[in-house]
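As written, the chain order gives the labels A, B, C and D, with residue 1 at the start of each chain.
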Amino acid sequence: MTDTVSVRRLTLAGAQKALAACLAKAEAMKVPQCIAVTDDGGHLLAFARMEGSKVMSIESATAKARTAASSRVQTGNVHAEVEIKLALATGGKLTNLKGGVPIIIEGQVVGAIGVGSGTGDQDREVALAGVAAIEGASAG
Amino acid sequence: MTDTVSVRRLTLAGAQKALAACLAKAEAMKVPQCIAVTDDGGHLLAFARMEGSKVMSIESATAKARTAASSRVQTGNVHAEVEIKLALATGGKLTNLKGGVPIIIEGQVVGAIGVGSGTGDQDREVALAGVAAIEGASAG
Amino acid sequence: MTDTVSVRRLTLAGAQKALAACLAKAEAMKVPQCIAVTDDGGHLLAFARMEGSKVMSIESATAKARTAASSRVQTGNVHAEVEIKLALATGGKLTNLKGGVPIIIEGQVVGAIGVGSGTGDQDREVALAGVAAIEGASAG
Amino acid sequence: MTDTVSVRRLTLAGAQKALAACLAKAEAMKVPQCIAVTDDGGHLLAFARMEGSKVMSIESATAKARTAASSRVQTGNVHAEVEIKLALATGGKLTNLKGGVPIIIEGQVVGAIGVGSGTGDQDREVALAGVAAIEGASAG
């Protein structure tokens, strides 16, 4: 049947597992974070804001996850010439801030993780810990 | 010192405990839900979206929690004449949809819970289960 | 109880005291200003717009205060590569314009001040005068 | 000269005087309020949020003042058939919630006051106390 296609998508249980791994990593790094996990469509599945993280990172962490789910690659690598235009053209829904990573299983994006409140590199490291918790998943 | 006042605020641990109780209740009721827990200022602390719940309830559940945090009472009791005007005057940030409840400890709002995807009464019932999980808390 | 944490928050009286100090400073400098004082969650507590200041600074002054409350540091120090992306990813809620300062008491952010209409350095100077008016407070 | 016209506008000092009268009235009534004072163009001049008022009323109080400045009459009297359409057509900038009153001197609107967090009638009563504090002013 070519009218429909079978896809794989992160469950709430999977999202919570990734979230727990991100929280453990952030605690080990002593960097309080906002952590968002979305499905393949960029819609929020699970979220946590740690004591001492930035309130406004609720939005940026969510935007990072949404962007990674949509683009299917980690955030932070869009050409400088293009990144601001993309953010503007989508009303801020897309961001190239580091810290958004897709969750990829067998070549398919099943969800994404966005982390914010640390440096871009810290955010990315915490997000990758979440991907590592999902069996058979990579961040591309 | 009267420049500042001492207040109590829900921690992430407290928010996660409330969220877990809401999830358990929703599962027992067999009603998939979106569940948002905020601090006293209406900023998101923890969130979960169950399989089979409505994607757009991400926003309404969050709005319900924000409204309960701000108004300090359960949502759903604003006069019909006023409720739509309040929603419009706040850009949709306030809602009178049932399912938002404050978490009150010793007369002080420390956070709030918003639930959406079921009927208003189901949403409220799930939210109240979250409040009951917090020691010494009531929903007013 | 670990479900909640005790925190300190600026009162309206404290916010008005800080605001009055900012106004006195701006008058002494002969620089008309917009001045916003928020609580620790970035929500407005007190505001004043002086004769001759810029109408649009109502929004930028408020954004500066909100940013300082969230980030817990003075605005103006975010890396140039990141600042525009942060503003876009939060729908303009975060700004790196100089003139936003947190009000910190015993290591805790209790509120923030944002000032706009002068140069960045003038704005910051006026905001710092507000922090100095709060007993035991520093701007980090 | 017909290219320009001379108008009267509320100063910051005038706005602060009205604000102080509103605060005194709200305290006497034991109803915590958010109070916004704008100029004749609907732009914020002075603002205060009392302990125990609703965070989300920051926006509704401001919208009420803006509406009264623009329409030159007290809010709450627009026909039910029209009020929601007006709110929608202006993106929520106009509201017919009670509690917005113009400050009129010699037939000219010089500013406006918006109050929110109580009932509509309480909000209006507090706003009127602010108008009464301005010499020669009425609320129409």
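Here, a residue touches a chain if its C-beta (ideal position, glycine included) is under 8 Å from a C-beta of that chain, and two chains touch if they have at least 3 such contacts.
Not measured: the values here are computed from a predicted model.
A.B. asks: Find the chain most remote from chain A, comparing centres computed as mean CA coordinates.
C.D. replies: D
A.B. asks: Superimpose the Cα trace of chain B on the Cα trace of chain D, which carries the same sequence, then give the rotation angle to the nearest 5°.
C.D. replies: Rounded to the nearest 5 degrees, it is 90.
A.B. asks: Where the CA atoms of chain A average out and where those of chain C average out, how many Å apart are those spots?
C.D. replies: Between these chains, centre-to-centre, one finds 30 Å.
A.B. asks: Can you give the whole-Å distance between the Cα centres of chain A and chain B?
C.D. replies: About 25 Å, centre to centre.
A.B. asks: Could you tell me the distance, in whole angstrom, between the mean C-alpha positions of chain B and chain C?
C.D. replies: 29
A.B. asks: Find every residue in chain A that makes contact with two or more other chains and list them.
C.D. replies: 51, 55
A.B. asks: Which pairs of chains touch one another in this structure?
C.D. replies: Here the touching chain pairs work out to A-B, A-C, B-C, B-D, C-D.
A.B. asks: Going by the contact rule at the top, pick out the chain D residues touching chain B in the complex.
C.D. replies: Against chain B, the touching part of chain D is residues 51, 54-57, 59-60, 63-64, 83-84, 87-88, 91-92, 95-97, 120.
A.B. asks: Mind listing the chain D positions that touch chain C in their complex?
C.D. replies: Residues 11-12, 15-16, 41, 43-51, 55, 58.
A.B. asks: State the interface residues of chain C toward chain A in the complex, per the touch definition above.
C.D. replies: That would be residues 5, 41-42, 66-67, 69-72, 82, 84-86, 88-91, 93-94 of chain C.
A.B. asks: Considering the complex alone, what residue numbers of chain B touch chain C?
C.D. replies: For chain B paired with chain C, touching residues are 1-11, 13-14, 17, 39-43, 105, 110, 134-137.
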